[in-house]
Amino acid sequence: MIDGVTPAEWEAVRLSLRVATTATLVSLPLGVVVAYALARWRFPGRELLNIAVHLPLIMPPVVTGYLLLLAFGTQGPIGGLLDRAFGVTFAFRWTGAALASGVMAFPFLVRAVRLSIEAVDPKLEQAAATLGAARPWVFLTVTLPLIVPGVIAGTVLAFAKGMGEFGATITFVSNIPGQTQTIPLAIDLALETPGGAARAARLAVFSIILAALALALSEWVSRRVAARVGGRDA
Amino acid sequence: MLEVTLKQELPGFTLDVSFEVPTGLTVLFGRSGAGKTSIVNAVAGLSRPQAGRIVADGRVLLDTDAGTCLPPHRRRIGYIFQEGRLFPHMTVRRNLAYGARFAPRDAPREDMGRVVEMLAIGDLLDRRPGALSGGEKQRVAIGRALLAAPRLILADEPLAALDEERKGEILPYFERLRDEVQVPILYVSHAASEVGRLATSVVALADGKVLRQGSAAEVLGDPAVLPAGAREAGAILAARVVRHHADGLTELEAGGVPLFLPRIGRASGAPVRLRIAAHDVILSRDLPRGLSALNILPGTVAALRPGAGPGVMVAVDTPAGRVLARITERSARALDLAEGAALHAIVKTVSVAPGDVGGSGAAA
Amino acid sequence: MTPAALSGAAAIALSLAAPAAAEEITVFAASSLTNAMTEIEAGFEAATGHAVTVAFAGSSALARQIRQGAPADVFISANPDWMDAVAADGLLAPGTRVDLLSNALVLIAAKADAAPVEFGPDMDLSALLGNGRLAMALVEAVPAGTYGKAALTSLDQWEAVAPKVAQAKNVRAALALVALGEAPYGIVYATDARAEGAVSVVGHFPADSHPPITYPAAALARSESSLTGDFLAYLRGPAARALFEAEGFTALASADD
């Protein structure tokens, strides 16, 4: 089967990894901050933020893709600004595919991290404050280490979702081999092309293998971290 | 020195207190639900009362009129929680060292080695909290609060989560904390025995108000002040070990009066304090003869306070110190007790539990 | 009365006599037919009282779904290849296939005042695009894309232009990209360009630069609707032809064929 893999297919695999990894790494810090804000702070507009974060989960992916096109395309308000100010473009580029993946995966990341933050006993954070730690220190030294298993779970979930993103990606940045043709887009194209069934099958197998590897890795890391964090002598 | 003034509406009653905490160990003494934890949380900065002013060593921590409210991490108040609250993802050593990093450079610091030795936690340093017993956790919690170089230590019923045996284990460590460390301690408790062992001063609280504040001997010897109820009442005597007898008794001396207790493990000449529970004291007008009780203290009636039921609390001034006795009204009338009456207070040797005998620390 | 009007009247009479017997028909149509078919659908429903459901997508997607068992009654494809693929699986109702329409391919631009493009030997589409993208439907699958690629190849433009192509899922999506201004140029059907006000046509691909664009229509063998014959006839009838031609299609089949 490996011999039958064409350069275009390898390209799709590499691109998928690049897109999903970028999307996950960039959305990780933002996701943790948003999760913390939703879990621990009270502020006006908190419910609105919660809804906004979950929108990509419930809106049809094509709609999300279309909104991204309107906002981040070269003609869009944010896209145009970024292009003029920093030379950063999303339209028809892998960065746009990464943005689409990141946006679609964001709710999964925030949910997982938020759940693990809520599981941290606020009394521990109180104790840290009485010992002289200001809020950022409390977060770094107490909360963060305790939520690492949850963050790992959320990251893997986000990565997997990013690898599998289709509707928003094709609507936002279309299908461009080498730039936006990730594995799902390549599979879709293969299915529509006469005689492309074998290609679609090969790409699907890649998809499954990568997802399984990511899951296995996260399980292993999670177990090791959970033991340390649970207070047992590791 | 800590000055606290607070007003707060709580479910069921209004908290309205004003008191001072001198050096030594001050117990905030009262029934459960009297508002003690609310006070301590306000002092720590974990909650903000409706109105109040808290000043520690001249530093204003809270002044609702002026709008000042320092966040907890700026108050430098070490807090020993009931549940310990050790960080599960850190070793004991790292837990202990946690607060030291945040203390200001010029703050007087305790030496880690000394604290570890004082609390006997040297063997635990590389363990994690999940592997410690309740008593071990509390000792580490004490060390952690101390090593953060606080200007005041708060302890919110730190022994409440432990069983009797563990309590007995940990109490001496609090005694050491009181005796060997200069930082004042505000200790919340509803247990008279803890008060008896540890307090150098007491703030008695009932229904959100301060009943009386002062030295432990004063407050606990006041028959009108029974914050934990009549059953828990008992005065404190300061005594000195004279010698240990071969038949298992220790002879002590307080104000010239000899006292006998079951063998206590302290050296000859060592100062001790004892708590005599009021319901263990029998009163007699005449010097009794042929009585099994070995402790007979002559004295005069200082005050009488009838209780809600058939009992009356009698305060007796003896050369050994103030003693409280709880007897029936009927007996008080039969003995014709009134202020100034001369009588004897009798205490059975065995009725003083080992837990009620502690190292000294000035009680008066 | 013409046979169409007669059957129409009969249908109305039948539907009035037995309102619970209203039939349904599901049509899979290429996305370039969106505007026209929407009006035709309304017309058929008004004329016969029967419910029509039309699903639009790229012909490749529709063909795939039909071959996998989608419950369509009628299929209108934007090229004969996809209809052949469905026929090869034996899924067409025999004798119902008919070439319905023809279309033309145009080059569109996002700007209203864009200069017309000469389709001569000096044509350099790649230079015209610069850093911009050429929006097309999937060039290996969707008819509008395959016709476009064929046309560009025969004009010797494909090699240079290929890296700059942004492939959309269907021709309407490609149209939208140009309408939004995201892609400066695109290749769509003449009918699509007409339907979208925000783009301007800057060139017509010569008819001999690509295989003839033919839209076959056919009923599907597994259909359980009794309306397929009527609907296909309606598509060839005067009302439908007028609507198709208003959009810019060329009607190939007439009701009398």
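Going in written order, the chains are labelled A, B and C, and every chain counts its residues from 1.
Note that in this section a residue touches a chain if its C-beta (ideal position, glycine included) is under 8 Å from a C-beta of that chain, and two chains touch if they have at least 3 such contacts.
Since the structure is predicted, the reported quantities are computational estimates derived from the model, not experimental observations.
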item: Top chain pair, ranked by number of contacting C-beta pairs; value: A-B
item: Farthest chain relative to chain B (centres taken as mean CA coordinates); value: C
item: Length of the line joining the C-alpha centres of chain A and chain B, rounded to whole Å; value: 56
item: Centre-to-centre distance between chain C and chain A (centres being mean Cα positions), rounded to whole Å; value: 37
item: Distance between the centres, which are taken as Cα means, of chain C and chain B, whole angstrom; value: 90
item: Multi-chain contact sites of chain C, meaning residues that touch two or more partners; value: none
item: Touching residues (chain side chain A, partner chain B) in the complex; value: 121, 123-124, 126-135, 137-138, 141-142, 145-146, 228-234
item: Of all residues in chain C, those that touch chain A in their complex; value: 58, 60-61, 64, 81, 85, 133, 135, 138, 140-142, 165-169, 173, 177, 180-183
item: Chain A residues touching chain C - in the complex, by the definition given at the top; value: 69-70, 73-75, 91-92, 170-171, 173-176, 189, 191-194
item: Residue numbers on chain B that touch chain A, as the complex places them; value: 44-46, 71-73, 75-79, 81, 83, 85, 87-89, 98-99, 101-103, 127-131, 144-145, 148
